[in-house]
């Protein structure tokens, strides 16, 4: 009898069909990072359509960029990706220096690598802690913030601020590192090394965490490239691409002489997986777990980079270069440079017209394109998976809404 | 109690009603006091797990007045009701779920004779009433007129109803071992050394205990199974719209049933009021007599049971702050694909163990397992041999020795 | 207060009288108030009151709630009559199982227009007359037999859990042996097995039946659902409004987010 | 008992009643002290049964009818329990004994099965016709 029903094309058979509902998740939802509003079309528990609504955090940063000189725009770059402000400053500073063809001394170069990688560690720690929150466990969040506080203390000593630093400016940095800072940074790295294993025990190899993330929100290589994803989201899908190695010569020049491998799974193996727990078997390349694991690898990678930059920075004797003058005239022309921010490729574009005020300023946000993937990933998943997927993309609304 | 009041010259019925009310108030205070302590304990344990201090300012160094502060805050908070809410159901829901968890405390034996009401169907009654808590949740979810709370309510209802199946199976094993559903008799049978506890009776019961713990955590909606108030997805599940006193009733119901479920585990598997070492028997005191020594022994028994139940609750808190949350379908698969089959196999195993190895492997298990099944059948092996006409206690005789299987109570080694 | 609360006070004092647990109380209640009768009145009042409530209520969710309290009070009546295993069974299977199933059904179908379908007043009077006459018929029948009129003798019933269990597996322990191995009345082994198999078959059938098998031609509800763009600028018609109250949360969510 | 008096007034006085209602000895005395007999349970059972029948006739919502059925079954259960309890009967009066309770047990079990099937039908009906109003279920009408 049952095959009669199956053969009859007119009858579609599936579970009890409740009525479709339009459900609002956000903008004040506790799990979306910042003010993101997701409109979900759900049928019972199954999500059939996701539409992110953004713009709640828009502050016209780029329009203001057309009224202030490049150095005065540095504080606005802090507030784009407020979790990795140093990397944003670095991106803007490099773009302006590219426009003005103004080189930077060795000491400033190594200082910039040191500070940028330290800020990447802090940003990934927040990403890891908040992701634990999305999946329901509260403790990793506090462990992550405990370590991040120590990094913020170091930054506070260096530039006086804990979140929006405006430390790296066009032509170097506002001030040199205080004496004894390098030893403190070294001490932090030494005590941070063993703690990474705690995070793996808490989350990466936790059976329930693996169950909630393995095979959820699988982003294929082609879709990742098509949607312009970048950073850990791209590398989580197995695409071997890192701006610090594949970027423009001006940016990769900062990193020459540094030994580092891109944290991506090549032919089934991660570069440094000997010190890391093995990849669980039910994990699929490109799912939430891999994006999380890539971020954890990058934290260790950044620690190596910081150690190397400390040695090189200490070796340079000459004083730090003077930053650009406020009223410096900008040459006519434009410049666009992409850097590897913790969330992905952060591009800055400037058009000079001979005066000291740029004619046009534009920031290309990595989280913006990463967020565009949510509809593809959340289709057909359960409501409980939506925060898991959005959390694994690690988006920051400041950067998206600018 | 009632005789004491009759002695004071109160009319009979007034004495009895006062005695009943005093017993009810005492039980209510078990939940209220428990909730007070557990709120404070949860904050402290969560703090310790997260490498911080927890409340330290309210009431002295350890912040033990924190629960009182919470209580006052909840009392002072305004009881909001959403505009589209269904008035009657919205107000009724917290009381329904609180009554359900309070109701089950009646049959729980705290010490030898310290029990609200000695029910012959004690275990069955407790499990039945625990199932009623789901009504409060469904009503709350439906009445607060918001999609999110409805999601939370439907999820929780599905979870609690489906976890009752394995919970029921796990509860039946100790009932089978003791031969009766009367909680007091089950606890009495586990008196003596720790080896007499049903936990160590046979390997199957040991596994059943851990399945019971899982299902209990799930049916009380705690830790990895707390779908209903999954902050990350459903804001706060079914009690999103509640605030103030109504919300605290849901809170009390949760802590009440947490304590109840772990106390039930203590009675069924961990020997109820019998401590690991039978101090009272070694010293020669007995619970049966009415003198002050018996009072002290019962107090010791009370401490034992509350200690075990508190250990269970602390275990739930510890699990809550370390593990992430499971998804609704994973919760269902763990129930249907793991808990229920394993419980069924272990139940069958315990049954055959009871049949073929009544004496058990442990030498300490002296009692002949073919106990009198509540005094109904006195066949040779105790098991109702179908061939030999079973000598039956006629209904009349039973009337004289009413409900408790006193045959057992008096003979147990005291 | 809710039926549940009264029930727990009752189950505290109800068995004091019939079960005579520990204290040596005389079988019959002491002079003065007969607690068994007081509690019976309480539960009977609750059961009948909420049963009439079920008939009177229009909102289907309230009907379900009143039914829960009515059957809860009935469980209390079972306890009072000494059938404590049956009372616990009623609580667990009937109220905790069947009615939860019913409430699930109510939740799934309680869309706004169907929550309270008011019967016309003529139906109400017709039902009232039919009900009253049926009740009168039953009561006359009940009063006609004198044996039933006598008040209870207060013979304390023995605990029923184990005898019931034994009866279900075929060994009648509660009636005096009359030679036959099963002791007089036949046990209930066969019906017990038949009911268990029956339950399995019915539930599997119900699960299969509940799976929605719909025709390819879309229903009215599909047309509206698919026509509506995800951007909720257009207020959806009632058919697709989320389950819940006709007004309140669901509607505001659809009428544009920024409000 | 309210219903009894209502019934008495509605019935045309001319009808030869088998028994006059004035003869109710039950609650002449103080209801709180008289022990409870079988008749009290029968009254409650009758009221529940009647409420069930009225609910089934009155409700247009399929689930309302289902609730009516539940009430009817419970009315029957109460009678079974009343006759099986030795506490309610006079000394030595023949009681149903355990059989009454076993039958009530089977009623509860089968009511669960019946409710499951009825709900499945209702949901199926709801999914196919987008309504649970039984008055609109007239596809088979001529």
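Each chain gets a letter, A, B, C and D, in the order it is written, and its residues are counted from 1.
Just so we're on the same page, contacts are C-beta pairs under 8 Å (C-beta built on N, C-alpha and C of every residue); 3 or more make two chains touch, one makes a residue touch a chain.
Note that the coordinates shown come from a computational prediction; the quantities given were computed from them, not determined experimentally.
> Going by the touch criterion at the top, tell me which pair is linked by more C-beta contacts: A-B or B-C.
B-C
> Which chain has its C-alpha centre closest to the mean of all protein C-alpha atoms shown?
The most central chain, going by mean C-alpha position, is B.
> On a C-alpha centroid basis, what's the spacing between subunit A and subunit B, in Å?
48
> In whole angstrom, how far does the Cα centroid of subunit B sit from the Cα centroid of subunit D?
34
> Report the inter-centroid distance (CA atoms only) between subunit A and subunit D in whole Å.
67
> At what distance in angstrom does the C-alpha mean of subunit C lie from that of subunit B?
About 25 Å separates the centre of subunit B from that of subunit C.
> Would you pick out the residues of subunit A that each touch at least 2 other chains?
Within subunit A, residues 16-17, 21, 23 contact more than one other chain.
> Pull out every residue in subunit C that's touching 2 or more other chains.
Each of 32-33, 85, 89, 97, 99, 104, 108, 155-156, 160, 163, 174, 210, 212-215, 221, 239, 242-243, 250, 253 in subunit C touches at least two other chains.
> Which subunit B residues reach two or more other chains?
In subunit B, residues 147, 395 touch at least two other chains, as defined above.
> Contact residues on subunit A for subunit B in the complex?
The contact residues of subunit A facing subunit B are 21, 23, 25, 29-31, 45, 132-139, 142-143, 146, 202-203, 206, 208-209, 211-212, 382-387.
> Spell out the residues on subunit B that touch subunit A in their complex, using ranges where they run on.
46, 49-52, 147-148, 151, 224, 226-227, 230-235, 321-330
> Using the touch rule from the top, collect the residues of subunit C that touch subunit D in their complex.
Per the stated touch rule, the residues are 18, 28-29, 32-34, 36-38, 40-41, 44, 47-48, 51-52, 54-55, 60, 63-64, 67, 70-71, 74, 77-78, 80-83, 85-86, 89-90, 93-94, 97-99, 101-102, 104-106, 108-109, 114, 117, 119, 123-124, 126-136, 138-140, 142-144, 147-157, 160, 163-164, 167-168, 172, 174-175, 185, 188, 191, 195, 198-199, 202-203, 205-207, 209-210, 212-215, 219-221, 239.
> Tell me, which parts of subunit B touch subunit C in their complex?
Per the stated touch rule, the residues are 2-3, 11-13, 16, 20, 23-24, 82-86, 88-89, 92, 95-96, 99-100, 102-103, 106, 113, 116-121, 124-125, 127-129, 131-132, 134-135, 138-139, 142, 145-147, 150, 153-154, 157, 161, 164, 180-181, 373-374, 376-377, 384, 386-387, 389-390, 392, 394-395, 398-399, 402-404.
> Which residues of subunit C touch subunit B in the complex?
1-2, 4-5, 7-9, 11-13, 15-16, 19-23, 27, 30-33, 35, 59, 61-62, 65, 68, 72, 84-85, 87-89, 91-92, 95-97, 99-100, 103-104, 107, 110, 155-156, 158-163, 166, 171, 173-174, 176-177, 181, 183, 242-245, 247-250, 253
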